[in-house]
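Here come two complexes built around subunit A, the first alongside subunit B, the second alongside subunit C.
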Partner chain A sequence: MLKYIIKRALWVIPTLLGVLILLFGLTYLMPGDPASAMLGPRATPELVAEINQRMHLDRAMPVRLGYYLAGVVKGDLGTSVWSGHKVSSLLAEALPHTALLALTSLGIAAVIGILLGAFAAVRRNSPIGGCVTIVSLLGVAVPDFVAALLLMLLFCVLVPILPALGAGTPGDPVDILMHLILPATALGIGWVGYLARLTRESMLDVLDSDYIRTSRAFAIPGKTITYRYALKNAVIPSITVIGLGVGKLLGGAVFVEIIFSRPGLGKLIVDSVHARDFPVVQGGILVATLLFVLANLIADISYAFVDPRIQYE
Partner chain B sequence: MPEPLLEINNLTLDYNLGDRKMRALDRINFSLGKGEVMGVAGESGCGKSTLALAILRLLPRVAEIKRGEVMFNGRNLLTLTEKEMEHEIRGQKITMIFQNPQNALNPVFKIGTQMTDILRVQDKYQSGGARKKNQDFKQQAIERLKLTGIADPEARISNYPFEFSGGMKQRVMIGMALSSGTSLLLADEATTALDVTIEAQINRLIKELAAKYGTSVLYVTHNLGVLAEMADRIMIMYAGRIFEMGKTDTVFAAPRHPYSAALLESLPSRQVRGRRLLAIPGFVPPLDRLPSGCSFHPRCAFAKDICRKEVPPLIEVDEGHWSACLLDQKRGRKKWQWI
Partner chain C sequence: MNTESTQQTEVGCPPGQLMFKRKWTDTLRVTFRAVIKVKGGLWGGIFISIMLICAIGAQWIAPSDPNAQDIMSRFAAPSRDHFFGTDYLGRDIFSRIVYGCRIAVLVAFGTVTFSSVIGVFLGVVSGYNEGKKLDYFIIWLFDIIRSFPQIILALGIVAVLGPSLFNVVIALAFTAFPFYGRIARAQTLSVKQADYVKAAEAMGLKPFQIIMRHITPNIMAPVIVCLGMDMATMIVWESGLSFLGLGVRPPEASWGIMLRNGYKYMQTSPWMLLWPALAISLAMIAFSLFSEGLRVALDPKERER
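Moving on, here comes the complex of A and B:
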């Protein structure tokens, strides 16, 4: 198990390297350059040349990559050309907001989605089961940015009971929570639908399986069968989907953070792209990639806890 | 005959699959004595497993019991509430071992967990839940495993089902299914998925434990050879009906129904050495398109006109020997030599 984790963790390095190379290529293709973005209309050729030299922008791509990698190894992600702050401290500020948003919405979605799916499977022939199916289809069909706008319209404009913008006052849990409800719902709603459908299908299979019939033959109470014996088998596909879906979740977080003006990682990256603040863009995407790879690793490891048949070499 | 434990009267059951209606059990009548082993044999799709599942009321949703009763110790199981079935019958008085041990245990829970959960339920319904500790149930589970001949049960109890072989899983099932409280064991093709040596061991285990606890057994199989050793009486089923029923020795020595005779002639044995074995032509008809008259007539080598027109009743042709063949009943034909 430990050996497996170390092996998987080492694979993070080539993945990140690949992403960085791709990223450098993309910033190269982007119109506009950081020097004129920093200096604005007052840019003189001398100043531009000086900045380009300081940021190694006058050097060839591989050399720039080399400089950058050397910095990354030392924990130095560079300096924002826009604000002059260290990229690492900007990221450290933004990351908790995104992590809180993503984990909350994923947590809510997993619990509600899986329970709804199990419920719909048990009541497969009743109207309640049908309702769950329709609701979950709606959840899957509505993109998260549309859900975000609709929720904002509903709970901030028509019935103004929740705050629309920002992430709340730091250190005030109630305020932070109030600011979290709408974005987390918007981001998680599609996942509720998706996980509910997935769980319903696998639950239906499991409920018809031989081992559930064995439990019934030995008079294990119905609720124990459903929520203990069947559910543990039925959540296995959902774990894969959650692990792979973290990338999509981070993508969705970008939209949601922009709509709700949450100062998170997604908003930081998008703002920096607009400002041609390349060091921040690179650092941001590096961290996002790292999160994605870590999430997949956690999903793979968590299999072993749910399904004992899976063993890691 | 010993005092009857189970009496099935006129049990008739349909499977409703959309617009197709299949009569899976048709007027089943038989009784099973205390401590008796009754073998149920027939080709696939003739209603053997349905019969076992109907007794415990574990049928799939599409099944509908049309009429009849399942009298167990004088009570009709078909009229009990689901709660009464759970509290008094399933897993207590009547237990079941299933066909495929590979899938019969939950793959993501430890053997010990699954066993203690069942023991806890049994204890709750039998002694009103006298606050036993988890450790007691674990000890009980270990004893059950030991009884079924599993080596090192103390360690094995922490294994998952995938760490057990098929035969060992079936031993676990038997350990759960057979205890001093069990009156009736339904063994539904319990050894079909196992290889021959393991099959013999498992059957011996079932027989020993059943004898030890005085448990009656309804032993469903398509393997007549096994029944010769296991069963006191046997019942031959075809397309949802009983075709022949009687003492194992009698039926084996002188079958009164051509279908039973055909099944016996298709068994390899010393006597038929060097000869081709019989293969009954055709296959079991789909239950929603049964032929007229005797449902076996299109495959029967002896069929006459009368077999196409009349449905043969199951009648007692000799003492304790029942058969449903018109040629036997009306024409007095007693011998069926297929080859």
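Moving on, here comes the complex of A and C:
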């Protein structure tokens, strides 16, 4: 297993290298001239030449790629073309908002979804089963950004009980929480249904398996069987799905942040795309990708730990 | 190895059966029948047909031009003149929804066609050359693109190419093809062990012919199931990109652009938001029901249940 984990972790290195090359390639293909975008009407040939030299824009493509890679390794993602701030500090400002939103919605969705699915599997003919079906259908039918719009319409316009815009005053936990409810719900609702359905299916499979029957024969209490023995194996598929889902979650966060005007990573990326501020777009995409790669790595490794039955070559 | 393959050609199919070729229209018809036998598949099929009809015959179905402005009746609530109401320029929302089907269908079919053709081809090539340098290179390529959160990569590509319908299709297809590639590769690994592939090799067919004629047709079932679900996702993402102002350009009637306008005027005329939201939701339900039907229809294990 250790060999598998090391192999899996090492594979990240060439992948990330490819990610950086692709990101660099995107900027390289970007139409327009960063220097004149930065300077605006003040652009004189000398100033443009100076900026080109400072940003290594006058060098050949491989040299620029080398500068870019070296910069990323040192943690230097360049400076914003518009504001002149360091990209890394812009990202550091935005990231906590996105992390809070993503973790809250995923955490709540995982707990509710997995428990709902487990209940539905244990009490096969109870109304909870129907509830799971409805919630998962809703999750499929209403994509996160449509959910965000509808929730906003419902709770900010028709019944104005929750704040619509912003992330709340810093340092005021109640205000921050109030501002978090709607975005987190919008982002998490699809996950509740999905995880509930997944857990129900795998729980039904697990409950039919031999080791559960054996435990019953040993007169182990039903609750212990369900929640300690069965659920542990039934959540395994959910772990991979959550790992893969972090990418979707970050993507959904883009829309939710734009709609609720939360100053997070997604809003930063979209605003910079509109402003043609490509160093920031590049940095933002890179950070989102790093988070996603990390989440996948953790999911794969924890998968190996949780399910020792799986044999890896 | 050598004796094994000679044996197989001797025992292999009789020449008549080797020549037998099923027409693809037959395959399509049989599959479609199986899908609509599944409970949800029928409803999904009906909804998708309605969408297709709206997309093809938009100019006959829509009561007015989607871009015809009527400043006198701006923000009109749903009424007999305007079933779904009008927007901030007095454009008929019902007509715009109908025309929006066209963009949704174009994006859905366009992206999955691009991404599945490229993805399946690369996946089969990679699986056929398992363990060789080419295989590792293609896996590396897939893994790079899969490392990005899909919609965020699409955002970046659209930012570079500039917003337009075609560029949205390209960007979405680019982010999606590795997923088909992974499926195709995994399937190829099992299919290439089959006797008929070995027979084809023994007959001296070129790798390209084997890939195109003998492997690809036999790995399509899981790919097709994936296509159905992917179409729904692509419709949503197109709307999402258009909502952000990075997709189809206004005044084109895309559901995403309508949502964007609805978002702006949410407080005064919520119907501007509700109708496109409903359209997207119905499309999502339709495509997921249909692809669920496809999955059941194409999976022999499920059919027995």
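Definition applied: the second predicted complex is superposed on the first by the 270 of 313 C-alpha atoms of A that agree within 3 Å, B and C clash if a C-alpha of one lies under 4 Å from a C-alpha of the other, contacts with A are read in each partner's own complex, and residues count from 1 in each chain.
The criterion applied here is as follows: contacts are C-beta pairs under 8 Å (C-beta built on N, C-alpha and C of every residue); 3 or more make two chains touch, one makes a residue touch a chain.
Please read these numbers as outputs of a predicted model, since none were measured by experiment.
With subunit A as the common reference, subunit B sits beside subunit C without any clash.
In the superposed model, A:D210 lies in contact with subunit B only, and not with subunit C. In the superposition on chain A, A:A288 makes contact with subunit C only, while subunit B stays out of contact range.
Applying the stated contact rule after C-alpha superposition, one finds that A:L16 touches subunit C and leaves subunit B untouched.
The superposition-derived angle at subunit A (between subunit B and subunit C) is 80°, Cα centres, a multiple of 10. Contact with subunit C, but none with subunit B, is seen for A:V146 once the two complexes are overlaid on the shared chain.
Looking at the superposed arrangement, the partner reaching more residues of subunit A, out of subunit B and subunit C, is C.
In the superposition on chain A, A:A234 contacts neither subunit B nor subunit C.
Shared-chain residue A:V122: touches no atom of subunit B or subunit C. The overlay of the two complexes leaves subunit B and subunit C separated by a minimum Cα distance of 12 Å.
The interface of subunit A with subunit B does not overlap its interface with subunit C at any residue. On the side of subunit B, the complex with subunit A involves touching residues 56, 58, 60, 85-87, 89-92, 95-96, 98-100, 103-110, 117-118, 121-122, 125, 160, 162, 173, 176. Of all residues in subunit C, only 140-141, 143-145, 147-153, 155-160, 162, 236, 239-240, 243-246, 259, 262-263, 266-267, 270, 273-274, 277, 280-282, 284-285, 288 touch subunit A in the complex they form.
Taken together, the subunit A residues at the contact with subunit B in this complex read 208-221, 224, 229, 232-233, 306-309. Subunit A meets subunit C in the complex at residues 11, 14-16, 18-19, 22-23, 26-27, 29-31, 137, 140-143, 145-146, 149-150, 152-153, 157-158, 246-248, 250-252, 254-255, 258-259, 266, 269-270, 273-274, 276, 278, 281-282, 284-285, 288-289, 292-293.
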